[in-house]
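The same chain A turns up in both complexes below, where it pairs with chain B and then with chain C.
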Partner chain A sequence: MAFKRVPQKFNASINKVVVGTGDKTITLGGENVLPFYTFDAPIENKPKVGIMISDTGLDKTLPGIAAFYGDAESLVDVAKKAVTAEGADFLAIQLASANPDEQDASPEDCAAACKAVADAVDMPIAVIGCGNRDKDAKVFDKVAEALSGKNVMILSAREENYKNVVASAGLAYGQKIGAESAVDINLAKQLNTVITQMGFSGENVVMNVGTAAAGYGYEYVASTLDRITAAALGQNDTQLQMPIVTPVATETWNVKECIATEEEAPDWGSREQRVIDMEVITATADLAAGSNAVIVKHPASVAVLSKLVNELI
Partner chain B sequence: MAKFVTIGERLSTTAPAVNKAFSARDPEPILKRAKEQLDAGAVYLDVNIGPAETDGPELMQWVVKLLQGEFNNVPLALDTSNMKAIEAGIAVYNRDKGKPIVNSADASGRIEYINLAAANDAICIALCNGEGIAADNDERMGYLQVMLERGLELGMEPEDLWFDPLFLVIKGMQDKQLDVLNFIKDISDQGLNSTGGLSNNSNGMPKHVRPIMDSAMVAMAMMQGLTSAIVNPCDLRLMETIKSCDIIKNETLFADSYLEM
Partner chain C sequence: MFTITFKRKGSSDVKVTASPGDNILELAMQAGVAIDAPCSGNGTCGKCFVKVISGAVESEKSVKISEEDYEDGWRLSCQSKVMCDATLFVPASAESFKSDIQTADLSSQEELARYFELVTGIFNTGIQKGDVGVGNGIAVDIGTTTVTAALLRLKSGFIKAKASLGNGQIIYGADVINRIIQQGKPGGVDKLRRAVREETVIPLIETLCKDAGIEPTDVSRMVIAGNTTMEHLFVGANGDSIRLEPYEPEFLELRGKTAADLGLPVAPDAPVVFAPNVGSYVGGDITAGVLTTLMWNNPEMTLFIDLGTNGEMVLGNSDFMLTCACSAGPAFEGGDISCGMRATHGAIESCTIDAETMEPTMGIIGEGAKPIGLCGSGIIDVISELFRCGIINAKGKFVRDGERILRDEYGAAYVLAFAKDSGIGKDVTINEIDIDNFIRAKAAIFSAIRAMLNAVDMTPDDIDYIMIAGGIGSGIDIAKSISIGMLPKLPLDKYIYIGNSSLTGACAMLISNDATEKVHEISANMTYLELSTHPGYMDEFVAACFLPHTDASLFD
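Let's turn to the complex of A and B:
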């Protein structure tokens, strides 16, 4: 009997979320098939690749970073370079300076820095906090206000601070909100539920369901992403149909393979190559399991990932 | 499998207020009852207009347009002994949120309802009954096969026949309850869908007992593979039980607020 191919097209789809304004918007999501399954149905919006910069500066000990960014030092100059990276779809600004244990930059200063960047570049923007939940809520309030009308992604609201973040950045200033959970499917759904119960439309929510660097418990990440995709498409679970945005760099740059210098680990070869490999490998796995966008730091990683997506879709 | 499908039963001519509203074409009480059921989590709404011998087609079209217009094309079960009224209702029915359900066929006098459903690409509730209540599960299975064959011959997909085992009243037929539950398993083992008027089991019981009995029955029936039921969605205990069973059966992902969804 001849093989009859039945397209696995679902009667459910991932929400479409538009980020940015004017001609340079990006649209995340919209697909009704499994990741990269273009043979089942067209995927209208390819996964996107974001390039991340930090307001605490660049690691210019890496020759590729030093060469790419040249003499750019200020956040605005760095941003202007970053948006020229081949394959970059959006710019992610990490406000590491806000960390109360380190520089403890004020929300107002963070907002001013983001505003300056947003005025200098026309690429869609994501804003990543410092990781301290209380401080992030205060920072996002000011940043969302300063970037009012820019339609940026605020990454992110968590269980501990979602009420403040959604009320301010989402409801008051109309930005897109990232709902972050740490590799916990039930919490991912719960967070989307309580966010939408606040009266904020699920159509304006993206999810960061967490990632781990490849080799650091990644199996659990993969099964989480799989399960979420299965629920969103297979069970038409509207509380899990938000596009997934995965900040990869914030995880991968902190593992020993990326920290160890060439003197400390002479057998491991070029540190820069390790950094790129770790970003690319982790981000590829995230994309294959259902991420609609990944965020990496190294321009070489951006180029590889963008090429990968464009070759496959 | 999929999440349990609840069909709200509260738009029925057996309720005097609804009957009056249908006759008078008074939208307000109908919309109010519909909204209560949808807010409580009903997926489909049953529209029972009774025999409606004189004005059935016109009445059914009026109700279908009223409900779907007000509630974003809510899917409906069209419930009347007037076949022309069902056909008329389907003619104006919007399928965005699900096919219409024809309620209902049986293996005897109402077998033509399967033809009606097949001709209109509708789901058909198929009561596993002939004349009178089936004596045992062999007889029920015989009726099921007759209706399944009829549907398939007419080009229906098997999943569009929702077999009704006929829930029996416990007060009077207590010894038949396990038969009904076992028959649900028989339906499920064939990969077929099932539904039924669940609250029939608790008919005649004190009011405060019925939600408890209905909840126990639905939990046991869902364990046997029941895929849908015609229920009072405003029965909170029952709806909470159904949602909890869907979680245990892994039909929907748990979240702390699952009862609010």
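Let's turn to the complex of A and C:
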């Protein structure tokens, strides 16, 4: 009997979320098939790759980073370089300086820095907090106000601070909200539910369901992403149909493979290559399991991931 | 050496001599001053507070005591040490477990009627009664929190007396795990056995005999039904095997014991029959309870739930029975809840809230009593109402503000009764941590139900009857329990409350050898599902930690 191919196309689809303004917008999501399954139905919006910069500076001990960014020092100059990276679809600004345990930069200063960047580049923007929930809520309030009308992604609202973040950045200033949960399908859905119960449309929400660096319990991430995709498409679960945005760099740069210097781990080879490999491997796995966007830091990682997506779709 | 004086309302002062650094809670326990410490002194439950009237104690500040209360002299006794002479006031709420706990102990007409109906049902199945001779017998249900007992005529099954008492082991912790840990300490076996035997069961026997006008030695048969841990601690068997892998108890059945073997003051040769255990966390109280449900004799699919510190449940019919236990924790009995208390005088047992004004209307136990705290059924009502009125969100977090909502650095709280209206002189509140603890307890129950149904590939719609047992049950509002996702959404007429099924089953075993053998047969036929090693249980649990559930379609 001849093989008969049955396209595995779902009646449900992932929400379409547009980020940015003017000609340079990106659209996340919209597909009704499993990741990269273009043979079942066309995937209109390819997964996107974001390049991340931090307001605490660059790691210029890595030759590739030093060469790419050259003499750029200020956040604005670094941002202008970053957007030229081959394959970058959007710019992610990490406001690490806001961390109250370190520089403790004020929300106003963070907002001014973001505004300066937004005025200097025309690429869609994502803003990543410092990780302190209370501080992030205050910072996002000011940043969302300063970037009003720019239609940026605020990454992210968590269970502890979603009320403030959604009320301010989402409802008051109309930005897109990233809902972040800790690698668990139920927690992801619960957060989306309480966010939409505030009267904020799920159409303006993206999810960061978390990731682990490859080799650090990644199988749980893969299973979670798989199950979210299955629930969103297979069961038409509207509370899980938000596109998934995964900040990869914030995880991978902190593992020992990326921290250890070449003196400390001579057998492991070039540190820069390790950093890139870790980003690319982790982000590839995230994309394969259902991420609609990944965020990495190294320009070389951006180029590889962008090429990968373009070759496959 | 210093002198510590404990003052109580309505009792005489107790003075003890103490050395610097002695723990206040331990001193009180040694001196026989009852202080409720469900967490057995770990500083986590925030129940064992005392007030310094004069002198001082060395005490860490605790999140369990507000700044204001700390200034007023309130301290957690378990976190306080002797540093000089001191006079301490022990408030009523700290010793409330000693007072008349409202429980399913056959004391009301309604309970008695239910009891007779259930017992009649058992003997209508063909089980013979009256095959144990003549005379008097006593059936005892040893609960983790409450012990209830009844004295019956063996021939007729007539109840001559009934009584209940808080389990004396309560000072060693609210749950079975803490009790077992305490048993493992030097002298622990004797201490725990003493607390339940000398301080609880023997006084109950004496009370029953006095009420019935007989001598204890006139009692010629006894039945004891308790969870596996309670039966172990009662006979002095090592409970560690229950707590540790592979979770195999020392014994499942205990046959051939007499009153003399166990040191009970009834006729020395009186047989003492134990209801058999199924596993570490499904014990004799459940096997005796299953006898009462008649599920073993009916083709209808029945789910039997005993709502207590350990939520045990049995699913099945005359063809099969599957059982499991989930650790719901003490929330249903008021533990782990800052304003929680057992269902005694002053407990809020029911509540409705006005959605607009957020003003509560409450039912309180005791004629004219002022509210002191919340008991299990009250907690269900309050959380269900807070959720219905949009005061808390599906995660149990406060999302509205008003006069009754307090906010501080630890989170928000709802004021059930302001200080001027309460029975404790300060606000009675329920906070986000309490709600979180309760949501976990209800999630444990619901996810266990789901896990058990999944194990046999069934859905809630396949269940014909849900039988609810346990002390919390009498006041429980089923509709509200469903609205917060604790019980599956099924027509209310499928729910049947059967009271203290363990005591009822024990009474049937008391008057019938045939019934006793049936309970052994039931026990042998039950399949035990261990949830701690069950794949998918954790997932079910997290999904259920939401009001009413992450999968809202289950409660549409």
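Keep in mind that, in the parts below, the second predicted complex is superposed on the first by the 313 of 313 C-alpha atoms of A that agree within 3 Å, B and C clash if a C-alpha of one lies under 4 Å from a C-alpha of the other, contacts with A are read in each partner's own complex, and residues count from 1 in each chain.
Here is the rule we go by: contacts are C-beta pairs under 8 Å (C-beta built on N, C-alpha and C of every residue); 3 or more make two chains touch, one makes a residue touch a chain.
Predicted, not measured: the structure shown is a model, and the values here were computed from it.
**Q** Chain B versus chain C on the shared chain A, clash or fit?
**A** clash
**Q** Kindly classify A:Asp184 by the partners it touches after superposition: chain B alone (first), chain C alone (second), both, or neither?
**A** Touch status of A:Asp184: second partner only.
**Q** Looking at the overlay, does A:Gln197 come into contact with chain B only (first), chain C only (second), both, or neither?
**A** both
**Q** Check the residue A:Leu75 against both partner chains and state whether it touches chain B (first), chain C (second), both, or neither.
**A** neither
**Q** Just checking: does A:Ala118 make contact with chain B only, chain C only, both, or neither of them? Give me first, second, both or neither.
**A** Neither partner.
**Q** Which partner chains sit in contact with A:Ala137 here, chain B, chain C, both or neither? Use first/second/both/neither.
**A** So A:Ala137 meets neither chain B nor chain C here.
**Q** I'd like to know which partner A:Leu62 touches here: chain B for first, chain C for second, both or neither.
**A** neither
**Q** Quick check for you: in the superposed arrangement, does A:Leu240 touch first (chain B), second (chain C), both or neither?
**A** In the superposed model, A:Leu240 contacts chain B only, not chain C.
**Q** Chain C has the stretches 5-13, 473-481 or 545-553; which one runs into chain B?
**A** Between chain C and chain B, the clashing stretch is 545-553.
**Q** Using the superposition on chain A as set up above, list the residues of chain A that contact both chain B and chain C.
**A** 185-187, 189-190, 193-194, 197
**Q** State the interface residues of chain A toward chain B in the complex, per the touch definition above.
**A** Per the touch definition, chain A meets chain B at residues 185-187, 189-190, 193-194, 197, 227, 231, 235, 237, 239-240.
**Q** For chain A, which residues are in contact with chain C within the complex?
**A** Checking each residue of chain A against chain C gives 159, 163, 184-187, 189-190, 193-194, 197.
**Q** For a test of understanding, state which residues of chain B touch chain A in their complex under the given definition.
**A** Touching chain A: residues 2-3, 251-257, 260-261 of chain B.
**Q** Touching residues of chain C toward chain A in the complex: what are they?
**A** So the residues of chain C in touch with chain A come to 393-395, 397, 399, 539, 542-543, 545-546, 550, 552.
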